[in-house]
Amino acid sequence: MRIRIIVPIIVDVFNEEVEREFKTYASEKTEIEVVNLDRGTASIESEFDEALAAPDIIKKTIEAEKQGFDGAIIDCFGDPAVKAAREAVDIPVVGAAEPSMLFACSLGHRFSVVTVLENVIPMIENIAKVLGVYDKLASVRSVDIPVLELHDKDKLKNALHDEMLKAIKEDKAHVLILGCTGMMGLANDLHNMLKEEGFDVPVIDPAAASIKFIEALLGLGVKQSRLTYMKPPEKERNV
Amino acid sequence: MRIRIIVPIIVDVFNEEVEREFKTYASEKTEIEVVNLDRGTASIESEFDEALAAPDIIKKTIEAEKQGFDGAIIDCFGDPAVKAAREAVDIPVVGAAEPSMLFACSLGHRFSVVTVLENVIPMIENIAKVLGVYDKLASVRSVDIPVLELHDKDKLKNALHDEMLKAIKEDKAHVLILGCTGMMGLANDLHNMLKEEGFDVPVIDPAAASIKFIEALLGLGVKQSRLTYMKPPEKERNV
Amino acid sequence: MRIRIIVPIIVDVFNEEVEREFKTYASEKTEIEVVNLDRGTASIESEFDEALAAPDIIKKTIEAEKQGFDGAIIDCFGDPAVKAAREAVDIPVVGAAEPSMLFACSLGHRFSVVTVLENVIPMIENIAKVLGVYDKLASVRSVDIPVLELHDKDKLKNALHDEMLKAIKEDKAHVLILGCTGMMGLANDLHNMLKEEGFDVPVIDPAAASIKFIEALLGLGVKQSRLTYMKPPEKERNV
Amino acid sequence: MRIRIIVPIIVDVFNEEVEREFKTYASEKTEIEVVNLDRGTASIESEFDEALAAPDIIKKTIEAEKQGFDGAIIDCFGDPAVKAAREAVDIPVVGAAEPSMLFACSLGHRFSVVTVLENVIPMIENIAKVLGVYDKLASVRSVDIPVLELHDKDKLKNALHDEMLKAIKEDKAHVLILGCTGMMGLANDLHNMLKEEGFDVPVIDPAAASIKFIEALLGLGVKQSRLTYMKPPEKERNV
Amino acid sequence: MRIRIIVPIIVDVFNEEVEREFKTYASEKTEIEVVNLDRGTASIESEFDEALAAPDIIKKTIEAEKQGFDGAIIDCFGDPAVKAAREAVDIPVVGAAEPSMLFACSLGHRFSVVTVLENVIPMIENIAKVLGVYDKLASVRSVDIPVLELHDKDKLKNALHDEMLKAIKEDKAHVLILGCTGMMGLANDLHNMLKEEGFDVPVIDPAAASIKFIEALLGLGVKQSRLTYMKPPEKERNV
Amino acid sequence: MRIRIIVPIIVDVFNEEVEREFKTYASEKTEIEVVNLDRGTASIESEFDEALAAPDIIKKTIEAEKQGFDGAIIDCFGDPAVKAAREAVDIPVVGAAEPSMLFACSLGHRFSVVTVLENVIPMIENIAKVLGVYDKLASVRSVDIPVLELHDKDKLKNALHDEMLKAIKEDKAHVLILGCTGMMGLANDLHNMLKEEGFDVPVIDPAAASIKFIEALLGLGVKQSRLTYMKPPEKERNV
């Protein structure tokens, strides 16, 4: 199966690491191929960024379908334009937040998300509300590091660890989700650090969650419902 | 006070009627000015249409602020890009769905929305979920008439009346909302028709709700919270 | 339009300030007229006080309608007898809590109320539950100052400021509501104080919210639904 | 133990039957004593009626405590002034709706209430919301018979039976509650009728529920929490 | 009336105290009789323990019915096998958690449970979710003492008192429930200790709640609904 | 990876078909191995059956871990003893309902389950409540065919199709789940039948969902949280 990974930003600084991360988790038979946007923003940290990226995300999803891909992942924890893209195509489309949250629901009593900046906390809480799993959400916390500074992995790991401990102790989280797809390659280390401190909790890498989720959907032979995601009616469109 | 009305479509067929409708409900001292989009779609009937319209809606909102408008209304019941636009400016921004639903919460035990096409029902239900008033929503129904065919007012009025009766009798709605800003000039007639049949229920015109709501916010001297709608961080953006 | 303000207590110590406050926020064309109760209590700080005030609140609302007022505001954050009064008349009736909470829902992700005494916290939370906006309520806090001691404005402002900061930092409130209609003339100052500390959040004055809300309802040409607020059946009544 | 039954209306037409009904269900050692109101209404079928009855209900509750009663039941399914009365005294106070709904939660998956008039349906739904059991409420239905016409027991029983069948078949109710304390002496018959039709469901008599509930509270040695129902602060009161 | 108390463990160390506790709270006419399990575990502190105890709990409930008991109490705060047992018999069956939580809903705005070990906190929260009263649950806390070490009453009382104070101050609990049926004989003392500290809150003993609740059900003449708890279909069973 | 499939009944009539069904959906590298129970019931259609099966389900899960399996599936839509089994082992354990419901949440706005008998409807609704996805559940319907009569595939398919159409039209379901793991080999046909009638909705086979879900968890390298599913404390156990 071939999966198109749409990294919904206009810079390619993450692409190499994204490809490595997805290949780590993808099944052997899954081919993945990473693209960026032509129009949009350098990172997504607001409703504003999501809105600017939306038209090109949809375009890239339609292209993926035309090029014969079996599914498309919009590789961002804000799930930008995921619903719009689902309307546009007949292949499964997933973001990173929904799969992460759904796996988390199964793994424990309550989950927390640790994300980049405070700016996106209401956005993530709203995703949980629309997805219908808000009662399982213990908290959304942030490490206060912008997306484009996530490359300092040690700093990031320490900051994530600190917030995860607070999520466990103060917010009663039993499962943890990395709340940005730029936080790659850290889930295992964080799991081990927390386990050594007495907290044997799952730590979910959102990119990993998205590829395992879409592989599962394809294995099941299902895609998004056309009663929820109806084909957009024909009309004049100028974008 | 000066309010910019952004009709978020690329055709101006509704503008004259929109202006008339808003002036009917606006306070005497309120100046309103209607604009369309340069890029977007001929009507909004899907997540897809909303996503395509989003970047230009934001641009038009920023322009409104620069031109000294006191507030901006995004004149569509899908509330497209409202949250993104709120981040971008320091003047109040409202759509049509949120104000309608909030007034409805105060007026009765449960409300229903009657909209254009089935396509947008999940979108409207999700607005209620994120706004936090989903428990008050009796139902969302549709008349199955596309936006660009709403000009046949008699057909529309009859169809709305029929669905409103069903909303009252089957879904136990006590308040009714017209679920598309293209459904202009009908709220009073529908209220009277229903009243004559024994159902003295408020019927809310969403354009009217949006102008009264933003006038109220301006009268209160408040705008959207900067803790929810933080300023988007500076970065490369190419749209 | 003429609005009757029912200050539902048996003393007139607040009347002058109430009149000034309402005139500050009312539209130019709105005439307001303040009355008190003949039977009731000196302030409202319990379910007990609300129950004792209820019959005369209804009587004063009926009088307002008979005297040709276009709407009635029950000027108390407990919204005492608001539902009963709505049944009794054909003009819109609002309290102070519902309008404040509904505006708050639109302005940010979560709101907190800061009220007078702990006694009324469950009452205010129950208003949010019945109104259907409980999921948006971050917290109800109190300054622990009885209604009849609110005249020391500096003490009150400091106490409100302290609790508002806690609501923001500990309860994650993004919008703030003054939870007593006796807390007049402070919303702007508190907004400015919080803004200077980095929290640009709306602060809602409940009296202001009630007048802007009822003006909006009258502008929309709607009143409470007769399916929720049915006319009370005729019968022997001895009060 | 001695329980004061406050039938919160100004006529005594129900008293004899009320006494018989309560004695049927009370434990042997429980003494019950029935009183009416001096000021109020002939029946309770609206928020309006509840508000008019409230002050005298409180007065009668305080009297009951002074006269050494161990608890007070406000014998009406609207639970009028129950919260206010709980603030005023140190003996347990219950209405009829709360106990009925709480027993129902334990007996089955979902319950319906069948009440007198449509007027009170929103009131009963709001009781369930504030009590916190709204998710268990399948529906509130009415037989469309005013309180003062409930004496035609055959008509009432048939009407109740018909609505109960609809509650079971259409609303998926598994437990049924008689939604007016005037519907006395019918619970067993209705249970048997439904059982014969293949629906072995509990039918709860609200007066019976209230006496068994308050006996249970007294047996547990508990009364309402003073953190929820704080003593009303001293002040001028003129009622 | 005769009630069978099933202490669902394989040791009889608690039986004498259980009998004393139940007799303290039971009505004079209620006969109680305590039994243990033949197969199961020495205490119940996990889903695992509950599952192992379940078959014999059901067997003991069926025996109780055959021996003519009028009702059965499964004397454990996890309510193990209560739903299964209700399917099996035609007499009322209750656990200890449901009755405690339902009484608590009536007594105050929010309740907390203080239980033995952290292990069972998700189980107790899930009981509240299924019972439909989760919105009233302020928190579940633990004293970190295993069931079989509860005999040190002074240590237990102090630990309970400390957690109860935290529940009141930090979690805003207004009603408290002892979250293990092994915590006998302490409710009154704890109530008095808290009252002296200014918190006049009900403290519910779960064994007491269960006996008063089932006596109330029997007094009402009702048992669990056969639409929720249908008779298990006949089939091969080998246990 | 090796997955143990525990068909939690004491007869092996389904095993061959179960093995075929799981192999259809499993990844190439997944080995599956089916076992039954020694003690339990011939089918699971009640809380009663689940309780009787629970101890041996746990035992079989522990055996699977000891024999080196990487995960265990409890192949029943009631998810019997899943939580208890998770406590007992360090490999992931899933039932069939949770994975089906979680995939459904992602695929559309609302889902319905069509199961065997009315008996299990409350059980399935309670699973959704505890899992936290109850707001997404449109309905649970039944075909009124016992588990052991599911072998008549044509009858079953027609009955499922009829109920699915009702779920779509009356309950507004957008995604459908087969609510019994005995309903094998039908999901694709049902999807195609509904699609031809204009309803292009996903139909989820619960066995398929469970194998894809556990493969995904193993691919992610996660298992159930030890903060939710703590190791049961050591004690005397006699089962």
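Every chain is named by a letter (A, B, C, D, E and F) in the order it is written, and numbering of its residues begins at 1.
One rule holds in what follows: a residue touches a chain if its C-beta (ideal position, glycine included) is under 8 Å from a C-beta of that chain, and two chains touch if they have at least 3 such contacts.
Predicted model, so just to flag it, every value in this text is computed and none were measured.
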Original post:
Would the interface of chain C with chain D count as same or different, where same needs over half of all numbers used to appear in both copies?
Top reply: same
Original post:
Which chain is most remote from chain F in terms of Cα centres?
Top reply: C
**OP:** Return the distance between the CA-based centres of chain D and chain E, expressed in whole Å.
**Re:** 27
**OP:** Between chain D and chain F, tell me the centre distance in angstrom, where each centre is the average of that chain's C-alpha atoms.
**Re:** 43
Original post:
If you average the Cα atoms of chain B and of chain E to get two centres, how far apart are those centres in Å?
Top reply: 51
Original post:
Multi-chain contacts in chain C: which residues touch at least two other chains?
Top reply: 109, 122, 174, 228-229
Original post:
Quick one: in the complex, what on chain B touches chain A?
Top reply: 10-11, 38-43, 45-52, 54-55, 57-58, 81, 83-84, 86-88, 117-119, 122, 126, 129-130, 146, 148, 228-230, 232-233, 235-239
Original post:
Of all residues in chain A, which touch chain F in the complex?
Top reply: 25, 27-29, 94, 98-99, 102-103, 105-109, 131-133, 135-136, 168, 174-175, 187-188, 191, 199-205, 208-209, 212-213, 215-217, 219-229
